[in-house]
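Below are structures written as structure tokens.
Same chain, two partners: chain A is paired with chain B first, then with chain C.
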Partner chain A sequence: MSVAQMLPPAVTTKGPSLETIGMTKVFGSLVALNDVSIKVPAGSFHALLGENGAGKSTLVKCIMGFYIPDKGALKLDGQEVAVHNPRDAQALGIGMVYQHFTLVPSLTAAENLVASRADAPAVINWRKERRELETFLDRMPFRVPLDRPVSSLAAGEKQKLEILKLLYLNQRFLILDEPTSVLTPGEADEILGLLRDMAHRGEITVAMISHKFREVEAFCDDVSVLRRGAKVGGGKVGVLTTREMAAMMIGDAVIRQSAARVDPPRIGASLEIAGLFVENDEGRDAVAGFDLKIKSGEIVGIAGVSGNGQSELVEALSGQRPIKMGQVLINDQDFEPKRDHFYRFKVFGLPEEPLKNATVPTMSVAENMAFRSFDKPPIASMKWWLSPEPMRAQARDLIARYNVKTPTPDTPIRDLSGGNVQRAVLARELSVDVDVLIVANPCFGLDFVSVADIRAQIMDQRNRGAAVLLVSEDLDEILELSDRIAVISEGKVAYLTPAAGADRTTIGRYMAGH
Partner chain B sequence: MSTGAPTASEVPAVAMKPAAGSDFALRLRANSEYVAIPAFALLMAALLFALFLLAIGKSPIDFVAYVWRGGFGTAFSFQNTLQRSSPLILTALAVAIPARIGLIMIGAEGALVLGGFAAAAIAVPMIGVAPPFLTLAIMVVAAIAVGGLWVGIAGYLRYARGVNETIASLLLTYIGIAIMNFFVEGVLRDASNPNKPSTKPLGDAYMVGKIPGTDVHWGFAVGVLLAIALYILMTRTTFGFAARVTGGNFRAALAQGLPVGKLIVSCAMIAGGCAGLAGFFEVAAIQGRANASLAAGYGFTGILVSFLARHNPLVIVPVAILFGGLVASGGLIQRRMDLPDATVLVLQGLIFVVLLTSETLYGRFAFFKPIKGRDRT
Partner chain C sequence: MNDGLATVLIAMLGGAIRVSTPFMFVALGECLTEKSGRVNLGLEGTLVLGAMVAYAASYHTGSPWAGVFAAGVAGSALGAMHGSICKLPKVNDVAVGIAMMLFGTGVAFFFGKPYIQPTAPRLPSLPLGGWSDSSSLKSALDVNPLFFVGIVIAIVMAWALRNTRWGLVVRTVGDSAAAARAMGISVDLVRFLTTTVGGFLAGVGGAFLSLSYPGSWNQGLSSGQGLMAVALVIFARWNPMRCVIAALLFGGAGAIGPALQSVGITQGYYFFNAAPYILTLVIMIATSSAKRSARDMPGELSMAR
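Right, the complex of A and B next:
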């Protein structure tokens, strides 16, 4: 019998304090969490900072009961509590907002709220529930339309509904896992502001996983920094500088300096997209009349709230999705995403999550590095015959030049770490002359060092004359790398501005579709 | 990453154990998993089948003895086994090649039946007119072409229309058998044979001979050579490489601009061609005519052979011989142990179920996972 079942359900309306003491979690030979103690005072807004894989989510999952820690204790309002599963956490009033929505899209907000209740009756008296929902919402600092299907709500409203759901379930310690990644900057600021105000009124306590310094500094009270499973620092926001927080996150790793923007010595190719229409999986036009021209030696960043046609645009340009209408021109010649055109026009790509999108996990590193070259000499002879030795030689060369850490060229690529897979793909795509480069969320899921390395490589290609299309959900990345910024909204370019002097607020407004 | 299991990059270096043993030994250990788990599955299936035999009051030891005697024990029975394994090699190849491109095709039976029927049908007007060698050559071409077309349809439907290739190829099998029956019982029926509706017999002069010095027809040798050829095709040519990329990650293949449609249909057609060839040998080396006996289940046993061989063309040959022995001893077991001929099917079914279940065991045993020299980023 768990502790949660022995306690009466928490019916407080105050945000509790929460403390972890010496949390440790070991997976096999991996120490994912090493003696982590953090303290979140009641009514505060706490930030958990750390690199990808630093142990933030392991810590949160231990608090939520998804994992059972090997060592360590959890204290709520100073009392030690045992959480054996997520239901225990819920009963104690600890709730979590995930990176991606957990609402049922076809149901209304009211239905989502009532259905989320563990004690929802088999037959629901909607009139009574509605009355209770209204009184509940009257006590809340913000509300959402109750009667529209969730699918028709904007991302910001969905996120508010996720938070309302936790409050409705009387959960007063909220854990947010990168809650703003699907929001425009405006929506993010609004929601974080509301949460901070509620926390400061003592109604809730918030712990937020983030890697956006700007948000942490603007909204949070305290911060804990994790690195490689251990707590390496923390303190009051405002006392700690951004530089100090970054240094704690990265440790002593050397970060590659971003390559300077220089005028390219050669004129490569220009990429022109004219009147492009691409359907999504449901057969609707996700890309609808997209026009854009990218010059040689230019990075154009595509900013936008995810789901506005970015992934369909990238998939269409890289041959993964048919083009319904419109033209793609490279140097004023028709481009079709076929192998011979990729080769002739020197079109290369860096997709997001390369292990999933750009490799065959079960094939060897050498084979994966040969995807562009296996059907050309010296690997192929007589068009058909494949020689493993030149393939391995090419791999050895690329492994050395791009510093890919792999036991042998014959190791299956799935056995490499994320950063090394990314470097292997970079080596394949960028080791020859590149005229057109199509990049989508290149740094998703990577650590600081890899991120800096990859951004420098992209800049390097630009400086060597490539036309670069950069789609990213990370506005900071777009602001850092781009020469021009295009905002995509409902499948077309809503706003185009030179990156120098671009205004975050204006971009955010166009992202939101205004 | 803020969700999902922790990766190696989360661990301090201290937690990494150095790899033990030489590189070759490690690779051998890692690969032995692919032998040990199917062998374990075979053993488990054998145990279950022994229980089945005990439950119906028969001796499992007798059963083993008769399989040995009927399939492997004497020169005669072993040659019989090799003969039976010939269609199994070919139909297993018909499963293995599509599997390499990520498709589970189980339509070898239909392609075998239609290929054999096409060979027999095209021979009818040539018997006694054209020389045997030319007739056999045309029969081979017809069998491969029709078989290839038949499975090719399932491949095309998969690529162009997203139709599930497993269901499509299975249903095409039933259509194929029905088409053969339609002709064999109709316009192509040999009027002089009142017992079983069949096409006109080829006659001894038009039959495929035996491998010299043996009692095994040429189909076995062709099957072995084809297995080697297809192994080379899939591992040492640009076509095979492109097919493996497509099968391993369809999205990555598209992003490399590979002609995935052509690759998929080609692999399906190669598969159908293999099964069609099996049909040719059944007609031209065994039966001498096309009739309902063509649908003897070789196409379905081939599925099992290919899965047990993990779709490796070279491994298919010994596995096919093993199953050929089971098939060959079926008659003896039926007579001596007074068991229905479906008994062997029970064994095959058990093997298949246990084998598919054992797929979940891969990667679960620390023994096969020597700690790799994973490098952190």
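Right, the complex of A and C next:
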């Protein structure tokens, strides 16, 4: 029995065309979406480009029925449709893959698929369901293991399962919200390629929100660019150049030039990691025999598929996770990730998800900026008596120097935008003398201006002689910033190469574990 | 001496069966509630109220089974109250649970005063020891039907969590509320229902206390069984079948003290009475690694976040 037979006859198995007409959404005084009209022809792969806050999410949320637009209409296959809530969108065959997974971690892939069905039977006959799932998967371009809990699947498999879920529910207009941010370049290319082929066969229509020009150019047919809630351009991919698209996205904002790589003074400290073992939450060795030496004035980029020990490595080095075995040496001296050692060896860090890993969200910007210095003069006298005024003065200075946009130094830091939280942390970590810098995914989810700014700051530190360990899931970022590249696979360095002349495919092959 | 050992073991078996039943019901109720991502610490209060209502209903109607049912209804009412209060924004389920615990016991004591004296009809038990000559074995195997009902409920619950749509919905809500909402499931409604059903089971557990063993109503009836059952759920790692095993183990340990006393060993009586508590501590420390229980823990529980 095929999936088509299981489904109500009214639902087509062809990708529909979709059109928004004059879509407008106002939140209070903020016009999040201003008269946006976008046309996605049937069987095409459309890219939605724009900076953070440009209105891409608002637009797709209006399409999906999470928001009711104040003005404007939605046409599916040329007919105007009303979508009042996500259920309506689902019934019309419009499905969305979110940036964060919407799978249930403790359920298996099969359970996730069946549970997502609105018409799941009250008592589930697993033998029958399994058979139907197998026939469904046979018709799909990719498959996932059905019987393992989703929590044990790799990010790429989860992403595939998310897409499979939409197809399983017979949703033929797919909206993808930055679907590749958790994937390796290889996985991303595979999934996007398969989706494009399905679209060109007319089976689905895809609209993808993306930041990555490379993917847009390789896989998409058309592009629409949003800026400040309005559609500012668009056209055929291939006719538009990257430069033109970038210009539309950024408008007149000034982007900081990336700092040039200069020969650093070889006076700083070196970082050496020897035979490091770190356990993950499940008690397995996520970092297993990791060896790396970073010289002063050098950025070593750690590339790898997420889940190969990168987070555990960074957490261990920043003192968030115990080191099971192995040594960390700075200038040939034993380094233990404790507060006094951080201070003595001048070790600083920009962990991933800074709001979670580097700040106390409910404390003020000023307090968060004082984490390194609150127990030292001038903020603390006699080591325990804190004075708020020097703390605020320091914060005001850092806010001005690092261009952090916050209403006041006393605003809770969680009220700041992602880019500004990252800048506040950057200000705290980089405003003093840095010998060793540990950076993880510093630009995740940030806009162009912030990205350029943050990368330039990291390069500045290198040029001043700091040893920089850069862990990133963005291979382009690693290629741009690093002096040497180390590929991490199953917790150890699988491949080490100078960045100059490094080859993407070779790196990709080692990332995949070959 | 061998006789003595046999007596102790038989008494422990009987104790395990008797003492474990309320644990089993409360733990199963709590297990269901926690599977949906909410903690109801108020089940101690539900247990006590269930015991009182069961005794009163049995006294007035003359039917102990009507008492059991009334206890379940009273428990559901408390569960529903917990569930609807927790729907309100910014309400913490643990704090509400503690309030509900005090509320439940308070209400039970208030209305239970007149029922301390009279005798209500008790639940009949099944004499399963008829084949044996030993009177101690006979009395040990005098099993209350609720014991088997509890085991059946555990089996059904374990099966339903895997094989029914409702089971998948409950686990989805318990593990990822965001995913549940994206599917159009009303998270609050599911949690309200699981808390209500959990309350029903805990109320029935209370009925066992007053209508079977110890079998009378007074204010010192429950010595924290409701709270211990919540701990049992963690120990059982949110698996209904393991809840039954944990309850039996706990019941057996609780019987050590009285069993030793019955063969004349009075030394360390209080120590042996504390056995279940010591045993729980020891087992908890020995078997539960924080990492392992974290993996089975529903992701939405407030203690998981």
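FYI, the second predicted complex is superposed on the first by the 437 of 514 C-alpha atoms of A that agree within 3 Å, B and C clash if a C-alpha of one lies under 4 Å from a C-alpha of the other, contacts with A are read in each partner's own complex, and residues count from 1 in each chain.
The definition used in the following text is that a contact is a pair of C-beta atoms (placed from the backbone, for glycine too) under 8 Å apart; a residue touches a chain by one contact, two chains touch by 3 or more.
In this text, all values refer to a predicted model and were calculated from it rather than measured experimentally.
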Applying the touch criterion given at the start, work out whether A:Arg87 contacts chain B, chain C, both or neither, answering first, second, both or neither.
second
Tell me the contact category for A:Thr102 with respect to chain B and chain C: first, second, both or neither.
second
Now for A:Ala118: first (chain B), second (chain C), both, or neither, which partner does it touch?
second
Given the touch rule stated above, what does A:Arg339 touch, chain B (first), chain C (second), both, or neither?
first
Mind working out whether A:Arg504 is in touch with chain B, chain C, both or neither, as first, second, both or neither?
neither
More residues of chain A are touched by which chain, chain B or chain C?
B
For A:Lys39, decide between first (touching chain B), second (touching chain C), both and neither.
neither
First (chain B), second (chain C), both or neither: which does A:Arg261 touch?
neither
Do chain B and chain C land on any of the same chain A residues, and which?
98
Taking the complex as given, what residues does chain A use to touch chain C?
85-87, 90, 98, 100-107, 111, 114-116, 118, 120-124, 126, 151, 281-283
Complex interface listing, chain B residues touching chain A
1-12, 15-17, 23, 236-242, 244-245, 248-249, 251-252, 254-259, 371-377
Any idea which chain A residues touch chain B in the complex?
27, 29-32, 34, 52-58, 98-99, 177-178, 209, 228-229, 318-320, 337-342, 349, 351, 356-363, 367, 370-372, 374-375, 380, 383-386, 388, 405-408, 411, 415-420, 445-447, 449-450
Touching residues of chain C toward chain A in the complex: what are they?
163-166, 168-169, 171-172, 175-176, 178-180, 182-184, 289, 291, 294-296, 298-299
